[in-house]
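Please see the structure below; I have some questions.
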Amino acid sequence: MTTQTIAYREALRQGLRAALADDERVFLMGEDVGRYGGTYAVSHGLLEEFGEARIRDTPLSESTFTGAGIGAALNGMRPIVEIMTVNFSLLALDQIINNAATLRHMSGGQLNVPLVIRMTTGGGRQLAAQHSHSLEGWYAHIPGLRIVAPATHEDARGMLLAALEDPDPVLIFEHALLLNVEGTVEGEPRPMELDHAAIRREGGQVSLITYGGMLHKTLAAADQLAAEGIDTEVLDLRTLRPLDDAAIMASVAKTHRVVVIDEGWRSGSLSAEIITRINEQAFFELDAPPVRVCTQEVPIPYARHLEDAAIPQVEDIVAAVHRLLG
Amino acid sequence: MANLSRDTLRETVIDAILAVAPEADIDALPPDRPWREALEIDSFDFLNILVDLEKRLGVSVPESDYHELATLEGLIDYLERRLAG
Amino acid sequence: MSEFRMPSLGADMESGTLVEWNIRPGERVERGQIVCVVETQKGAIDVEIWEAGTVERLVAEEGQKVPVGEVLAVILGDGEKDEGGKAEDDGRETPAERPTPEASQAPSPRAPDLSPPPTTATPDVASSGVRLRISPAARRRAAELGLDPAGVNSSGIDGSITLEDIERAAQAAQGGQSTRAVATTDAHAAMRQAIATAMARSKREIPHYYLGNTLCVEPALAWLETHNAERPVTERLIFPVLQLRAVALALEAVPELNGWFVDDAFQPAEGVHLGVAIALRGGGLVAPALHDADRLAPDVMMAALRDLLTRARKDRLRSSELTAAGLTVTNLGDLGVESVQGVIYPPQVALVGFGRIAERPWVRDGQVVAARCLHASLAADHRVTDGALGARFLTRLTDLLTEPERLWPT
Amino acid sequence: MTASPPQEGPDASPAIGAAGLDDPDRARALMWQMIRIRRFEEKCAELYSAGKIRGFLHLYIGEEAIAAGAMPALAERDTVLATYREHGHALARGIPAGAIMAEMFGKQEGCSRGRGGSMHLFDVEWRFIGGSAIVGGALPLAVGYALADRLAGRDSVTACFFGDGAVAEGEFHESLNLATLWQLPVLFLCENNRYAMGTALERHQSQVDLAAKAAAYRLPSESVDGMDVVAVARATEAAVDRVRAGQGPMFLEYRTYRFRAHSMFDPEHYRDKAEVERWRQRCPVETFARDAVACGLLAATVRDEVEREVAEEVDAAVAFAEAGTWEPVEHLCRDVYAREVRP
């Protein structure tokens, strides 16, 4: 098998290209996915390759093109809807929650919505408070949705393929800061299952539980800690709904100490859910109170130093581990 | 198991005793003196030590052999013989 | 309406600190249920309740020091709600019968229980009654090791005791320096004090008389060897089981030795519950009761004894075990002594002591032979019995140990 | 703001009525369908009062001519999306009355297994995609259905019913725009009963001529008298033909009126009894029945026959619902996902 070193953006594109080539029912729809080449150049070149019928530029009508994706999915297609950023997805919240997540149950199992919605998430690019938030934890609250956050290059292309095979609506959150990050992939894109978390670094003293864009900061923190002789395990959740409880509890049972790193805000967050589950399911494994590293509870500001202070950084993760170890 | 050194065997026996009587000062024990009285090992403790040794070494001591275990050296001799046989 | 009071767990106990309630108002309690933990001079004791009913209210609060005999909780006995008059005593109305879920006729669809299974908690209270700052994992490990976490040095976040602290303490204990002994110095001092009080009272108040007898235990040992011959170590009996059995059966013949001297009168015990004197490593002594020693088959008795010894050494005895015994048996033979002249544990009226088993010259069929023998003794309260009764008991005990097939007649 | 006077009827199409028909079978079928919807819903109101039906119950009484007239214009391969006031559409589309009634009873024999109730009737076999209670929420779905048909090369039409209230929603504008932009085979069918719940059209729209508003998106738009079942049928047939022919989407406004309150618990403070009475004079069932006899299309006895048939069917539907069973509570979490997923 050939190993390629590519940017995360290219990995996403490989996934899209493979999906479009594999299945006639797949089409991509969203704002500026075609002629513009994608806001973040993810779909660059796909219009030329697959044509206007399958690479569809839409008006700035998030609710309706997302709803159209649901309707098309109900009517036999495998649409991929791209929403430019998670903040804009709020305009489509009605369709995502009242229809995509609900129709199967409300119709007594008659309908299912094999729709994939991709969107960028996260801060770090000085785009201020309407382009930088991390709301995937919010979506993970909703039964009927599957929420995934590919953090590696293999997942970036493979989770899309697995999501298209899934009969239920899948929301893919792609962290914008990862787009330029280079990494390796093996051979052709292949579906990467959506059911399990992955240990990205084995260790025995502390479990660092994270996902998406924070994985890379967490791995960097783990390297620093290793240099000090502190042995951490890094668990990449990959799927935020449903959570892989077994993997979380197995890691906690091994290390007895947990830090959850979540770019979402702390209050009512995914990190809160994870720690609650640990308390429910692995209380007697804990050797110290669980610790969280989350974004400060402010809308993300523009100024670089303020944005950096708002979002979890490598040193915040290192400090949290130090605090935990007493 | 059969080729455990005598020193290892002694350590295993001492570990088993310490598990029951953590405060026991075995170094101060005269080798030929009955160790149970010296270390205040009652019959229940003694049974627990035998259970422990069986777990560690796989040697089950029949009650009819208890008299051979009166001294620490006797106990080690006995276990060595059983392991070799 | 009945009142659940601070039990007297020993003649010398004046008060106890209520450490933890295991029950809540409105809950049902069953006879024998452990309802609270009380800290005494002898350590934390699980206290049982002896009446079934419903908890009306808790009177004592956790952390409160309560004198013996004071009310801890009020229990509504079974069927009491029908006797309206009783409730007038405290001027309150009889509480209305609680609606039960079964009373509802309408089908009430309930969501399936999707919550994770409850985890079991272990008591987590230091001997001072203050909550320990200890991690859940460390608490569980300490319980596994039978280690009292109170006093273990803490290295964790906010001064908490961690798993590693427990492991370190356990290792230190194994290495010859008993953490438990260090950690429980205060508790042991209190226990010493309690023993001192009880024994001083015994010697001050009880006119002891002493009887002794040397007996040949070759038949008993042969019985034991036969019994144990084909059994794995874990299923073998130990000699004290035979001794306790013999005492229990002998007491049936002389019930005047089984009971308590209370208010200038002998009060016989119901059932044969033998106090087993257990020396604790690191000092101290407890004598919890082996219940119904006259009715247990050999293996059952061994299991009960094993349980009692194990829990006594882990400081997890139950309140009934500290008060139920009508007579105490002490066996100092394993410590190499020939004979025991015991001190009675008040308000009991007798104590049986056994020395070590050793070879002695013994006359059998007119020949002097070497035989393994044992000295059994009785210390008894002259206010309750005289030497003749004591002699009858000791003779009976001797016969039983000499003819072991009579211990569990088939 | 200039408020237009209340419009008592259509001004875009002349009245047709029963006189516009020459086929007695067709006339009977239209009358049967309207009476069927009317009697079924009257039974619903009765059962609601008796506590058999709970939740919100929105009755279609007064608007029957639309479902009865429009639905036959659609083929089986077409898709129908509707609102929370959709009992008439579900009946006219072909979903058995018993399955609808059982759904309102909350029984698992209901067309949505009792998970939806009155507002959420679904039947995939009839391509009836329910019962949306989010005003305007079904319009984007309709665009998506049509997009899929187009991409797959099918000549199906997607018909999306919604009320005048939906015109105020962004999704109305987005959907008309996108469907026209992409020339998708969608039929936007607006049932203008003049009230968005309790807010009159002229109190929530700057432009009360809804066809004119739709026309701004450059799709063909028409208004038709929604109290005239023949006019509804004619206009809808023409619209379906046009959309199926690939000439892009179309907007049709049916001007109608609901005779009963918005839902069962509505004191109707927002409209005059006299206004309701005026509209009742134009009751689609009674006017059509009277005209059909008057012009010799139907015998006077047909009405009684139809009433008998309908009464039997409604009784049978109630019996079916009564005999229905409750979905076991252990099934509660089924069908949240198609795959087995632990929450």
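A, B, C and D are the chain letters, set down in written order, and residue numbers restart from 1 in every chain.
Going forward, a residue touches a chain if its C-beta (ideal position, glycine included) is under 8 Å from a C-beta of that chain, and two chains touch if they have at least 3 such contacts.
Labels paired with UniProt names: A = Alpha-ketoacid dehydrogenase subunit beta; B = Acyl carrier protein; D = Pyruvate dehydrogenase E1 component subunit alpha.
Keep in mind it's a predicted model, so treat the numbers as computed, not measured.
With steps allowed only between chains in touch, the distance from chain A over to chain B (Acyl carrier protein) comes to 2. The innermost chain, defined by the distance from its C-alpha mean to the mean of all protein C-alpha atoms, is A.
Across A-D and A-C, the chain pair carrying more C-beta contacts is A-D. In this assembly, D is the chain whose CA centroid lies farthest from the centroid of chain B (Acyl carrier protein). Centre to centre, using the average C-alpha position, chain A and chain D are separated by 41 Å. Separation between the centroids of chain B (Acyl carrier protein) and chain D, computed from CA atoms only, is 90 Å.
Centre to centre, using the average C-alpha position, chain A and chain C are separated by 59 Å. For the pair chain B (Acyl carrier protein) and chain C, the distance between C-alpha centroids works out to 30 Å.
The touching residues of chain B (Acyl carrier protein), counted against chain C in their complex, run 15, 18-19, 21-25, 34, 36-37, 40-44, 46-47, 50-51, 54, 60-64.
Those residues of chain A whose C-beta lies close enough to touch chain C in the complex are 256, 277, 280-281, 283-289, 323-326.
Chain C meets chain B (Acyl carrier protein) in the complex at residues 173-178, 180-181, 224-225, 228-229, 232-234, 236, 238-240, 279, 281-282, 305-306, 309, 331, 334-336, 356. The touching residues of chain C, counted against chain A in their complex, run 115-116, 119, 135-140, 155-157, 160, 162-164.
Per the touch definition, chain D reaches chain A in the complex via residues 79, 108, 110-116, 120, 122-124, 129-130, 132, 134, 137, 139-149, 151-152, 158, 170-171, 174-175, 177-178, 181-182, 334-339, 341-343.
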